[in-house]
Each structure stands twice: as C-alpha cells, then as structure tokens.
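Worksheet: one structure, shown below.
So that you can tell them apart, the chains are marked A, B, C and D in the order they are listed, and the count of residues begins at 1 in each.
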C-alpha cells in the first residue's frame, strides 16, 4: 500500500503565506524570517503561491519577484514548489518557466477559475499544460475556490501523464481521497497530499504521502512531528499532537464565519508571533483590533500548551 | 479522548435496506434473511428507515409495518434504531411512538427536507422535537439529500439537550467530523458515528464511536472486524480489511454516475447474494440487465477475495 | 404565439395558504374567508397544497381533509388545482384520487425531493405518474426547494404526454422560461404559468398563460387586473399595478433573510388583514411580535396606496 | 419610472468577442471587421473584455493591446466600455488607467473571483476601487462565473457612490432585476442593463436601460431594433424580433451542454459569417468539425429568416 518512499514528494510541505508591507509590496525581511522558521522546523518542502499564499491577488511581476527571492533565501536547503494557478494559460506558463529558472523543484496548479470547465475540458487543459511545462506538476483540487472538482476518473487519466506527479486535495472530502489512495496505490510516482490539517493525521495513517497544512507557517515542528508519528503509527505521540492541531484550528481559524476567516486568523497569529505583519492582499483585509486581540490571547494559550507538549 | 465505553451506542450499526416485492410491498421473507444475516455477522445494532432504507419513499403505514416486523424478528437480540425523518412533524412523532411501542432503542432524524431551514430554525425544530420524543434521538447530517448542514455550533448547542445522544454524519466532510470529535471529546453521552464506509477506519482510529456502513448489509462481519481492528489500532488487520471495503466501494457503487448508483448497486449485489430482490421503491428503479450482470461478476470476485481474507 | 385561448388553464391561480389553528389543525372558518376572498377577487382558479400552502408539512390525512373542505366551499364556482407533491409515490397517488373524488380539475406535482433524480429518472417518474393519474397534471419546477431542475429537454419530452398539460415555473430563471415559451409556442394544450409575482407582468406580456402569485392571497383583484392589463398590453394600467406588486414584494417578503421570510410575511399580513391567523406549520414558525408589528404598519401603507390605485 | 433619458449609458452595448489568430495573438483584421460591423449595426456602445470577450484568459499586456487597438479603430464614433475584472486589484487598476488613457468612457467590473467575498467584503472592495478609478464604473453581476452575488442591499449601498453608475446583471434572475429596477427607479444616474438576450425584450419593456446581448456580435441591427421596439412598446415589431433572438439562442448556443457552449457557438457562427476565426483562448477550445458544420447550417437558416424579417 505505501510506496511513498520512492516518491519525489512526501511529508510536510507548508503553503507559505506571502508577507506584505502596508503598501502591499513584498516584505522581504519577513519572508526571510518565515523561510528560516520553516526550514528550522524541519519541513520537507515549501509551497509558495497557493491559496494561503494569496496567489490570485498578485500580479505576475509580484509573483516573479516572490519566486526569485524565496528560492534565493532557501538556497537549495529544501525543495520549493511553486503555484502557477492563473485564469490565463500564458501567465501560468510564464510563472512555470520563472520557477524553473530560479531552481524550483515542482509546480502546483489549480484549474483556471473563471469558466467552469467540464471534465473533458479539464483533462484537455492539463494534458496540454503538462506537455509544455519545464518541471513536474501537482494537480491542486480546491473546489471551494475554483468551483471545479477533479473527478476520480479525471485524476486517474491525468496520473498517467509522465509530467503529472501528484495531487494536493483540499476538498475536505475524505471518501474521495481514500478512493484515490486505493485506486492509485500501485502508482510509484503519484503523490497524494492532503490539504486540511484537521485530517492530516488520519490521512497519513491510511497512506497519504503527506500534507500541506497552513498552520505549519506558525508551528512547523508540530506538523512535522505529527506526520512522523502518523507514519510510524505511534498513537501515544500522535493523539496529543493532533489535539493541538484541533486546538489551533478551532481557536484561530474561526473568529469570523466567512471563507477568509482562516487566512485572516493565520496572518494575525503570525503577526502576534512577530513573523510578519497581518496585512492581506486586496480583496481581503486584516481583522479589526478586537479580533486581533482575541487571536493574540488565544495564541498565547496555544503556545503555552504547545511548549509543554513538545518538551515531553 | 475516547469515552465511548460509557456511551449507549457504538460499533457497527448498518443502515438496513428495505427489501421489496415486485408490487412494492414489504418482502417479509427477505427481511428475515437480512436481519439474521446482520445479527449473525455480529453488528452492534440495526438502523432502519434511513437513506439506504429508502425511508422517504414509503407511506407512514408501510413504515409502521416495517418497524413492527423488524422488531419482532430481531426480538431484542440487538438494538434497533428507527429513522423518523419526514417533512411532516406529525408523521415523525407518530413513527417515534410506533418505534417505542415495538421496542426500538433510539431514533434517528435528518432535518425536514423541503424548506431549507436556517440554523436557528434547525435548532428550534430539534429542541422541540427532542422534548416530545419517547426515545433518545440521533441527529442525522445528510446534506447531499436534505440540503441542510448541521453547523458545528448547532451540534454543540443540541448536544446539551438530555434527549439528544449523538450524531450520524454522512457529510463526508472529515475536517468537520474531526472538529466535532474534538469539541465534544468530554461529553460522556454524545456518540459520533460516521456514515461513509470509505472513512470508517480512519474515523474510528481517531476516536469515532462507530459507523453506519451501507456495505454491512452485504458483509456485516467485514465491517465489524474492521471496526474492532481500528479500535485496537491493529494495522496489520485493519489495512487489508479497509482495502476490501475500498474494493467494494469502487466496484459496486459506481456503475452509474448519479446519486442513486450506490443504492442500485447495493440492492443488485444483495440480489446476487440471494438476500433479497433488487426492486427499489419509486422514484428509484433497478439496474438494467447488463449492469446487474456486471454487479454479479464483480461480486463473485469480491466474495472470493473476501473469503481468502477472512479465513486468515 | 399566443394560443392560450384554447388552453384549459390560464390567468391568476393563487397558491392558497393553509390557515391553521394554534394546535396546528385546519382553521375552517379562515379557509372559508380566504376562498370567498379569492373568488370575489376574480381569480381564475385556486391552487392548494403548494409551497405557499405548506404541503410538505402535513400528513396525508390533513391534506385529504383540506382537499375535501376546499372543494366543498368552492362548490364548482372556479377550478381547483391540487398539489400532490410527496416523496412517496403512493401518497401522491392517494392525494390524486382524493382530489378527483371531490371535484378538483387538475393536479400539480413537484419532483420527489429527497433523492436528487437525474433527468432520465425524472422523466421516467413523471411518465409513470401521468399514466396512472385520474386528472391532468401540471409539472412544478421549484429547484430552490426540491434541488431538481426540469431541464428544457425534459419538459419538451414530458409535454408530449397526453396527461401532462403544463408547467408552473418557480425557478425565477426568466431566460429558461422564455425558451420554454418559444419552444412550446405551437403546443395547443401546454400551459406555462409563472411563479414569482415580480415577473408576472413581463411574463404575460411575452406570452405566459398566467401566474401563480402568492400575494394574490392578500389582494386577488390586484393580480387579476395586472394579468388582464398585461394580456391587453395596456401599459398605462399595467405599470402602476406592477409597481404595487413590487411594493408588496419588497415590503412584506423581506423582513428576514432566509427562505421562510416570504411565507412568514405573507401569513403575518393575512393575519393583519383578519383573513386568518399567522400560525405556520412546523418546521416553520411565525414572526416575533416586533416583526409582526412591522408587517402591520407596512400593510396599512400598502392598503392605502392600493385603494387609491384601484379606485382610479 | 423611466429616467433612462438622463442616464449616461442606455441601449444595446454588445459584449464584443475577442478575435484570435491560431497562435492566440489578437487578430487585428477581424477586430476591425467586427467593430465596423457593430457600429454599422447601430449599437449604442461596445463593451470589451467581458465574459464573452474571454477577458479572464488573457494577460494584462494582451488586454492593454486590445484596449488600444479597439479605441483606435472606434475612434470616438461610439462609447467603449472596458472590463477590468481581475483577481488582482493592481491589474484592475492598471487596466482602468489604460482604458482612460486611450479614451474609454466607462469601466465594468465583476468581483475578484477566487476568494468568495462576503457582502461586507464585496462592498468594501468596490467602495475602495471606485474611489481610485479614473472613469465611472459599472458593477457586473455574473454569479455563474464568479460565484458571488451582488445582493440587493449591496447594490443599493454601492449605487450611492458617485463613481458607480450602473449594474449589468447577468444572473438571469428576473425577480432580482425587477427589484433593482423598482428600488432604484428614482436614481437619475444608475443604469440597469440586462445580460441574457432572451429577456432583453421584457426587461426593456419594464424599464431596463438597455442590454448587453452576445448575439449582437452577429446581428447588431436585430438587437438594436428589438431594443427600440421594446422602448416604444411596439409589440407588432417586437414579437417577431424577439422570436428571432429565441431562434438564435436555441439553435446556436446549445450544441453542447456545458457553460462554454454559448461562447463556442457564438465564435463558430462568427466564423461562418466570415467576421473572425473560431479560435477560443485557453482553457476553452473550438467545436469539432461536425458541430461547426451544424452551426453553419443553422446559421444559414437563421440568416434567411432574418433577412425576410428585417426587410419588412
């Protein structure tokens, strides 16, 4: 069942936030803090320009700069995966070549998100795209934002393309993910990574190759240890780590009710952690002061629980 | 984390199919075969009149007869849970009292499914309902059919009602289920059961009290052993059993693409197993002959794999 | 284009509310008041047991009583159409025969609303149903409540059945409705009625055979005159009547944000008009006092504008 | 009710297709043919870079070139409106300033379409955007593609901004559009334009200021005459023109079932009309040959009916 050893990508690959200055320019000092924080935390790779990285809000120029700077800072110490999702194919291709030029290891693409492609249109798009890309490609299933779902048969078909090496599933639909794990269990090259950190533990227990947890921006070591405990099926270690992730999820991501609450909470907590400011790119915006204070208080409690847990 | 020992309901509680004659009357002979099959398979309870039981398609008279006959046949050997979901409250109440009269142990209710209730309307409905019911109540989260989702805060509120003792979650949204497991971890009476059998293993590993797997109509012992292996975190036993469930799921439930494919496949396989005929209640209908033959062939292969597995 | 003269059903056919006593029994006194109010207002028919009539919330016994009493009160003075929508086919058939027994002229059916039927399943269901019904049938497209949409091709197919005589479209999708009007323009028997009263005027202008406006429970004559003005393309009469309908819609139906706000507002306004009490059947409930008072004030203003308008 | 005379924008403003060469570059020769065709057809304005213009599929450089070339070709003869919809605010702002530089008269913006903004987030986004734009702005309600709906209260709030001058509604929800027409009937500056051409006639009859019909790329004069007939409430002229639009809609836009069928059909018909080639920008693609031939045949019939109609 578990062929992940041969696979190129496995483990914890956080979707890195994009730190911003007040004028919406890239905050290079914080970018450096966060990359060092992640590498020190033992993550297996870094994924930039995903949903958590607010990719859709930036121009191609901004993204090019972010790719260059991140790869310069990481300097080959770990793999960097670059999101190339864009409603324009030409933009996606440009980002892909930029990523290759500066040393990225793989690309990640959610479907173009304006027209709702049919499954045959989706397959055609990805077969064409993968043919032309200079680096291997992860599919990115993110139906809550793209309104397109990679159906099982489409993933099976695309998994046969030599340049498509995995899927990151952020659908939260665990039966769907189990079906992919089962149907692709004998594919030596196709990695299956899970998005929502609340199911990182159970997914890895059942054979997932890794995860892309947003909370790892804050506490990279926690998610790495959770991943290792799940791989080793060590429940006495796993369960308290999982509980800590649930405490993070239910405290930091749910201050507001909308889709942006997760991202606002995460950036606000990073601000309290002095890793970056809490500016979000338009069209999103930061919490008001009262919510920011609530995050600060909750984070303090979390850090206290966490330091007790990690020292044991 | 795991308080399930004190809880009233745990383990495998199959959603029993409703066997029909060609004229859409209840097939008593098959009902007896299936109940004996389930009890012999070691299930911890039987849930009648759920989605798999095609409850919404039957009149109240039909349901009353089914409740009476099932409880007569089971004769106290295991617990019977009765679905009372109906768009009419008076019908739900009548079914609840019928269930109590014939000896059921608990009731299960998905929201009334014509008007899309707001969360406050949903809470008010269930608080009123639970006040008046003669038996303890399971909430039933089935958004693909009811178009209403029991939001986290609504479940937390309803869990405080003394007569509401659990939730069966068929949303397939595993992060949602993990949040409920976490937030209700200290509630000694509230059971959390998972619907989709593809995630039965991982859910029980992480603390679910049990599951309501449709495939247990066919192979009750398989699901019971899977549940026990997951409870004991015995992976060498668990993984092959989980693989078998995935083989069932990907072979029997996906012949067609629509929502009814699962139910048609299940009843067709029960027909091949000589447990009941494959008639479905209107508005659903059986497979055409070619699909029925495909199910028969696939089932034969499954049974062969299964008998090898279970004898080891 | 306009063949409606030969059609059996045209004009204003209000979806009658179901007046209730506090104990959720049928309020016969108010039922009589409302039927007289509608007949006096000149409506072309009455549709009972639709969405506005809260059909899904009642038992079959209750519905049988309502059918019998309504037909007794109407006593042949105008046509009565009876909703037979139910998730159980046997219940639908029983209601159909009840309707025929007491003198109804036609039946109305929205799809069974628990399983989401595919379009072929939908067609098969209605062809079987129409074969067996003792009265002609209107299809009822109500996707916001049933989650099933009668696609254009399905309506064209079903329009060929001799016992299916029309469609009531409550989808609010006007391009869809125009396509049906165009594609069925040469069908001498198939009536197309529009649900939302906000587009009654424009729909009739463009060839619709009539409408099923909820507000006609309150002000039947207004909607009848609007219909006649639209049929005659008399804009100097039509526009002020349409403006009045918009004033009703934007003032009475939007107190709350949820799906039930329309029904609560309508029953609350009927209460202020002393036509019936404002009890709703479970799972819905009446407005709180402050909202009820707001409705009363708004209704007074509306009645004042209306009496000026209708006397001119 | 009808204040449209004072309004800046009214009448037929076609959403111009973007003609492409095989290598996905802008086809300047066809761009010239189409702009001349539209101007000769009497349209009241041209809207470039909308959904029909495949805006989301192009880079900012491509869009800048299209804006410049279109405005050069139009040369002040009619107003040009420019779509600035983009998931990145910086890109939208750049396009807005480009549009102003080359002489556009107004801007059109659908919401950023990756994150699903809440209504307060939507309002904040548009108030900020409108503050900074060099030209007046039309809101663009296109929920089938953006998954965001401009709710009534949000439109009322945004209509108060001095730089927001109208809404193009492509929701197909006619009751919603009627509510806006009613609630904004006394606003002298806010234009309400309707998207779907199937309801152009009825919308203008009831007070809409105009429409944005895709079919006007093919037959501009038809839609202009339909608009004028509706404004004058001249039904003997209006009805045959509306029937012709319905013939176009049901014949050309429905060859396939998906969302892209409209655009493929339109470009294929423009190809048969020798106005441009039928290349679509990735991720969409042209019809296969058999579908293209079907369009050609149907178009010939349409042209024959149309020439009879327009000569009378």
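As a working rule, contacts are C-beta pairs under 8 Å (C-beta built on N, C-alpha and C of every residue); 3 or more make two chains touch, one makes a residue touch a chain.
All of these numbers come straight from a predicted model, not from anything done at the bench.
Chemist: Check C-D, A-B or A-D against B-C and flag the pair whose interface repeats it, over half of the contact pairs matching by residue number.
Modeler: Residue-number overlap above half with B-C among C-D, A-B or A-D: A-D.
Chemist: Based on CA centres, what chain would you say lies at the far end from chain D?
Modeler: Farthest chain from chain D, going by C-alpha centroids: B.
Chemist: Answer with same or different: of all residue numbers used at the interface between chain A and chain D, are over half used by both copies?
Modeler: Both copies, chain A as well as chain D, present the same residues to each other, with over half of the numbers appearing on both sides.
Chemist: Taking each chain's centre as the mean position of its Cα atoms, how many Å separate chain A from chain D?
Modeler: Taking the average C-alpha coordinate of chain A and of chain D, the gap between them is 37 Å.
Chemist: So the centre of each chain is just the mean of its C-alpha atoms; given that, what is the distance between chain B and chain D in Å?
Modeler: 50
Chemist: Return the residues of chain C touching two or more other chains; collapse runs of consecutive numbers into ranges.
Modeler: Not one residue of chain C touches more than one other chain, so the list is empty.
Chemist: Have a look at which chains touch which and call the overall pattern line, ring, star, complete or other.
Modeler: Chain contacts: single closed ring, each chain with exactly two partners.
Chemist: Okay, what are all the chain pairs that touch?
Modeler: Inter-chain contacts occur between A-B, A-D, B-C, C-D.
Chemist: Contact residues on chain D for chain C in the complex?
Modeler: 1, 172-176, 178-179, 182-183, 196, 198-199, 201-203, 205-206, 233, 235, 239, 242-243, 246-247, 249-250
Chemist: In the complex, go through chain C and note every residue touching chain B.
Modeler: 24, 51, 56-60, 62, 87-91, 111-118, 121, 124-125, 128, 144-147, 258-260, 281-285
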